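Consider the two complexes below, in which subunit A is the common component and subunit B and subunit C are the respective partners.
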Partner chain A sequence: MSRQAAGMRAWILQRITGAYIALFVIYLAVLFTFAAPADHADWSATVASPAVTITAMLFFLAVLLHAWVGVRDIAIDYLGHTGLRLAALTAVALFLLGSGIWAAKILLLTVHS
Partner chain B sequence: MQSKTQRPVFLDLQVLTPRLPLVAILSILNRATGVLMFLSAPVLIWLLGVSLDGPAGFERAAQFLDGFLASLWLFALIWAVAHHMFSGIRFLLIDIDVGVEKEQAQKSALWVLAAGGAVAAITLIGVML
Partner chain C sequence: MRFRIYRYNPETDREPYMQEYDLPEIGADMVVREALIIIKGVDETLSFRHSCGEGVCGSDAMNINGRSALACLTKLADLAEPVEIRPVAGLPVIRDLVVDMTGFYRQYRAVKPYLINRDPEPEIEHLQSIEDREKLDGLYECIMCGCCSTMCPSFWWNPDKYLGPQALLQAWRFLADSRDQATDERLDDLEGPYKLYRCHTIMNCVEVCPKGLNPTKAIGHIKQLMLKKAI
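Up next, the complex of A and B:
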């Protein structure tokens, strides 16, 4: 997609990731409401099942992208100073990347244990 | 003297509409709940890691969530997630030209507020039962 359409791309990305996140959150809500993990063995078995590991990985990726677009929109609206905005968005990007890597590590460690 | 009264008079008509429109409140709430979830992410990931780190860790995570402040936080977070989701569905519908008109947009904004509140209420009742 061209550079001119970058806003459109962000807009579409926000909606696609939002829809995926909503589906996964509904799964989580059903899981914790009707089959809340009783102990560690139960919980880690749930997380380590391939379907959950893969969909959870995609969930974290979707949240990362969704949060980036959302926070960027807020920064563009409220942080007028270019330098300040750049600094804030850099911090946000590092925060999100760090969180994503941390979450991925937890999921992978659970699969391997 | 006469010319003075004929000068344009500034009427501060903003005072006639002091209330923030409902749709504006909803837009702000969408951002506020988004930021709350964004800031909560490290705590949630920490909880995921601890709860998966052996039986003792699982107990530690459960104990943490039993705390008063953590319960308040979790309750606010559940409301935020629900509200943000309903709010997002509303924006999606507006994107495909459903409910763009002022009256419908106001009505759907009320529905979103009510639905988010309902999820929060059900959560609270569920916890107390």
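Up next, the complex of A and C:
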């Protein structure tokens, strides 16, 4: 990550992803309040629609990026030892990457199978 | 009134300790600075900085009942007893309530706190419109007491890398100045994860500034300007 990305870009990324997450959560709240899926088949059909699949994938991407910037901020603040910080951030990066691949697999393979 | 005061003399004490003072002659109508002067009359080994006594020089910043404040502006009537007085947090203690401000001043110098103007020197002065001058209100009044930076958790964790609210308020003071021509270079200097972006809008700085200034707002302005210049 370049020095540029480390400062302003991380900050603006956190804001944009935060706004998107908030909007998507509102969408989910509205959906479950006023048009809750009746059963699993109904829910699968909803998620399988291209618009929902794409916005949900963007949502998971936003969550992962948002989490990455936030955890990195905490690590920079509290983990002064460079090796410790590198190890912690590597572990977090792998966890987030794994979660992202898992979410993509569910959205693309399970729902659309 | 009862006081608990942080004492540490590196030449004689192995570690800091809290010393209690209970002086009936100190009344609630006084300010902390007056009380400390009376205490020093009883115990002359107590060290603290003070000078003007009216919130102008910024010498007597200390941690009073858990908050950075100027001793000369803090009324005893507003404080719970025993009044606990410690040196400001996050800077090395030299002795008792006296801290080493070197790191704080280094961060101030790092933002180049002076006008950078490459035009030929004007014959009289650099003129500024009334509106442009007004943009400096709430920025130039800083007395560099250090209350804000020493109350900032981000400054505690990274005092050598994060500039802190005081220096960033001054960074904006010169970015906002219509006579300054070094905007791009100043913004480039502030890039990276540490110098500016360790601010997490905790806003302790705003809470404790004895001059009522708002470093968080200034930091927000810097971020906005940086974004504007980037897109």
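Assume the second predicted complex is superposed on the first by the 107 of 113 C-alpha atoms of A that agree within 3 Å, B and C clash if a C-alpha of one lies under 4 Å from a C-alpha of the other, contacts with A are read in each partner's own complex, and residues count from 1 in each chain.
In the analysis below, contacts are C-beta pairs under 8 Å (C-beta built on N, C-alpha and C of every residue); 3 or more make two chains touch, one makes a residue touch a chain.
Remember, predicted model here, so these are calculated numbers, not experimental data.
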Let's test your reading of the overlay: on subunit A, do subunit B and subunit C clash or fit side by side? clash
Touching A:67 in the superposition: subunit B (first), subunit C (second), both, neither? first
Pick one for A:7: touches subunit B only (first), subunit C only (second), both, or neither. second
Applying the touch criterion given at the start, work out whether A:25 contacts subunit B, subunit C, both or neither, answering first, second, both or neither. first
Touching A:110, do we find subunit B (first), subunit C (second), both, or neither? first
Which partner chains sit in contact with A:82 here, subunit B, subunit C, both or neither? Use first/second/both/neither. neither
Per residue count on subunit A, the busier partner among subunit B and subunit C is B
Using the touch definition from the top, list the residues of subunit B that touch subunit A in their complex. 31, 34-35, 37-38, 41-42, 45, 48-49, 51-52, 54-55, 57-58, 81, 85, 88-89, 92, 95, 126
Using the touch definition from the top, list the residues of subunit C that touch subunit A in their complex. 153-154, 157-158, 190-198, 200, 223, 226-227, 230
Could you please specify the touching residues of subunit A with respect to subunit C in the complex? 3-4, 6-8, 10-12, 73, 76-78, 80
Could you please specify the touching residues of subunit A with respect to subunit B in the complex? 15, 18-19, 22, 25, 33, 39-41, 43-44, 47, 63, 67, 70-71, 74, 99, 102-103, 106, 109-110
